[in-house]
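Letters A, B and C mark the chains as written, and numbering starts fresh at 1 in each.
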Amino acid sequence: MLIANYGYKDGSGEYFITLDTDKCDGCGKCVEVCPASVLEVIPNEYDIEDGDIMGVREEHRHKLKYSCAPCKATSGDVEPPCVLACPTRAIIHFLSEAKGQVL
Amino acid sequence: MITAGIDFGAKNVKVVILDDEKIVARGSALTGFDLKIAVKDASEMALKAAGLKLDEITHITETGIGQGSVAFAADSVSEVGANAKAGVKLLPSARTIIDVGAEEARAVKCDESGSMEDFVVNERCAAGAGAFVEAMARALEVELGQMGPMSLKATEAVPMNAQCTVFAESEVVSLIHAQTPKANIARAIHDAIAERVISMVRRLGITEDVLLVGGLAYDVGYVDSMKRGLGVEVHVPELPEYVSAYGAALVAQERAKE
Amino acid sequence: MTKKEFWRWPEYRHTVEGIDPKNGKVISGGVDIGSVSSKTVIMVDGEVFAQSVMRTGSSSPDSAERTMNWALEDTGLTLKDVQYVVGTGYGRVNIPFAQKAITEIACHGRGANFMWGPTVRTVLDMGGQDCKAIRVDEKGKVQNFLMNDKCAAGTGRGMEVFADLLSVPIQEVGDRSFAVKEEPQSVSSTCVVFAKSEAVGLLRSGWSKDEVLAAYCQAMAHRVVDLLNRVGVEKEFVITGGIAKNIGIVKRVEKELRIRALKPDQWRDDPRFDPMLAGAAGAALFAKVLYERSKG
């Protein structure tokens, strides 16, 4: 089993897209539904055995907070389109902003 | 009735004194490392300008990062609440108020009465705040006040890839080494901060009119990038840095009447 | 070579005695072009034969060529004798003489397994501009990974900023961070820019430079442990990359994890265990497998 975590944690919060590469068969359905073109299908680079898997485009890896924001509801737990589109449930979206103090 | 609002910013402490809804005086002091000294300096400056004594002020309301840490004001209000109140007072048609200060960015959506409907806040990462532009100006060896006018002279858009302020500093240095005109780099810096602020605000939905407040709104390069990025007209009040303090003073007016 | 110089990532090369490449079946090479340093490992039948560590220049192809040529210097070998080269690191796609590029995640996992043995399950790689947490199986195959190269916090770069701010030579940071009577409270900001202003405030309120360094090392350790916890930490645990040589961070990471790193000092006696070379060693091992495969 291989879990690939794309994203980062910075002072403002945690922003990750996590992929279970065993479940992912590289079908690309997530790529089609992503409105911000964040995802792509790439050769499995983490193992020298070949095969295609989903990947997060280089230019988005450092700004998931912003790229994925439109799909993230400001309240409630609505799953983003990429997660819903995946037939094998291989994708987990984790976007969590550190909460500021509000009076 | 005389009231005052104090805004504890990361960089400056601002004080606004109101007579009813009219601004009679203001003051500011570097926040430094002792809030007590900063608030004393800023309020003395404002009181002197107003020709008033501290005990002539009926009600003081504070806002900002240091609120509650100095026993000075009667009560406090959130920055977003203060911005909504002041923004609608300054521009009655304002519905989205975007405030970028030295260490944080926030946006508030409000109704015609200046009541807050929704808000987003970005803090604890310099890349999304005024500190980013300040650090970039240092890397460019340009005075902060020159960044805006310089950016407006840009001839070409160059991309900035680094998302972290520390890494962006090195990127600016390599752009300079690659003979990229400073004006184009300045514009890349403003576009980068505007892109981050706008993606944050999009979560609220952009409702016109849009008002830009906070210290960064003095920077015409940033304002221009925001206008292009949002695709709508943006408004900047006079003295955008004092808007939160003004809002707090307006809240003080309401609370004093209660 | 003293400990202090090692921490400064001096450029060096080394040939392992007692290996005659003429008798080897496969000569493979791994080249790791990082943001700060470029490393090469040459292996003969899967054993380290020669290695070099250099500073990365402005061009990846040049850096790759320089580190490879230096590793081969006085070994009697030339680039032509190296049958297969795998490139890794952020500059991996720009290595003209490499037959294949493999991500540094896979190479570090494989390299850590080779250097510290099959019991390694968690690898923390702390480089100049990134930080990786990697979980591997007994073969060194990656099972779960996470890379932070978005934010300077938790990277060598963040440490440089602090060394600069305090005018403390970077090689003294580790030791000086322990020259405090009592471990101070950690710096609270994650963001390097804000941590810097916080540090200025601490200095003004009377903290010593050593105390501020201790507070920052702690914050940095906390930050990387946070990343590690996202992939989960299991024994054995090893630290690779340039920061593995900074005792101020290593000890604090161990303390916070409550797990000791496996043989963190071995490199001091045997350069083959230089933690900066894990990625290049993994690449050289992949190169051997790929070469053998290409020959059927």
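Quick note on the criterion: a residue touches a chain if its C-beta (ideal position, glycine included) is under 8 Å from a C-beta of that chain, and two chains touch if they have at least 3 such contacts.
No experiment lies behind these values; they were computed from the predicted model shown.
Asker: Which of line, ring, star, complete and other names the graph you get from chains that touch?
Answerer: complete
Asker: Write down the chain pair with more C-beta contact pairs when A-B is set against B-C.
Answerer: A-B
Asker: Roughly how far is chain A from chain C, centre to centre by C-alpha average, rounded to an integer in Å?
Answerer: Chain centroid spacing, chain A to chain C, equals 27 Å.
Asker: Could you grab the centroid distance between chain A and chain B? Build each centroid from C-alpha atoms only and quote it in angstrom.
Answerer: Chain A and chain B have C-alpha centres separated by 33 Å.
Asker: Any idea how many Å lie between the Cα centroids of chain B and chain C?
Answerer: 41
Asker: Hey, what residues on chain C touch two or more of the other chains?
Answerer: 150-151, 189-191, 194
Asker: Which chain B residues reach two or more other chains?
Answerer: In chain B, residues 124-126, 163-164 touch at least two other chains, as defined above.
Asker: Could you tell me which residues belong to chain A and also touch two or more other chains?
Answerer: 10-11, 62-63
Asker: Would you mind writing out the residues of chain C in touch with chain B in their complex?
Answerer: Within the complex, chain C contacts chain B at residues 129, 150-152, 157-158, 161, 189-194, 200-201, 204-205.
Asker: How about chain A: which of its residues touch chain B in the complex?
Answerer: Contacts found on chain A: 10-12, 59, 62-63, 65-67, 69-70, 72, 74, 98, 100, 102-103.
Asker: Once bound in the complex, which stretches of chain C touch chain A?
Answerer: 102-103, 105-106, 141-151, 153, 189-191, 194, 226-227, 230-231, 286, 289-290
Asker: Please name which positions on chain B make contact with chain A in the complex.
Answerer: 67, 76-78, 80-81, 104, 106, 118-128, 161-164, 195-196, 199-200, 202-204
Asker: Contact residues on chain A for chain C in the complex?
Answerer: So the residues of chain A touching chain C come out as 1-5, 8-11, 16, 45-48, 61-63.
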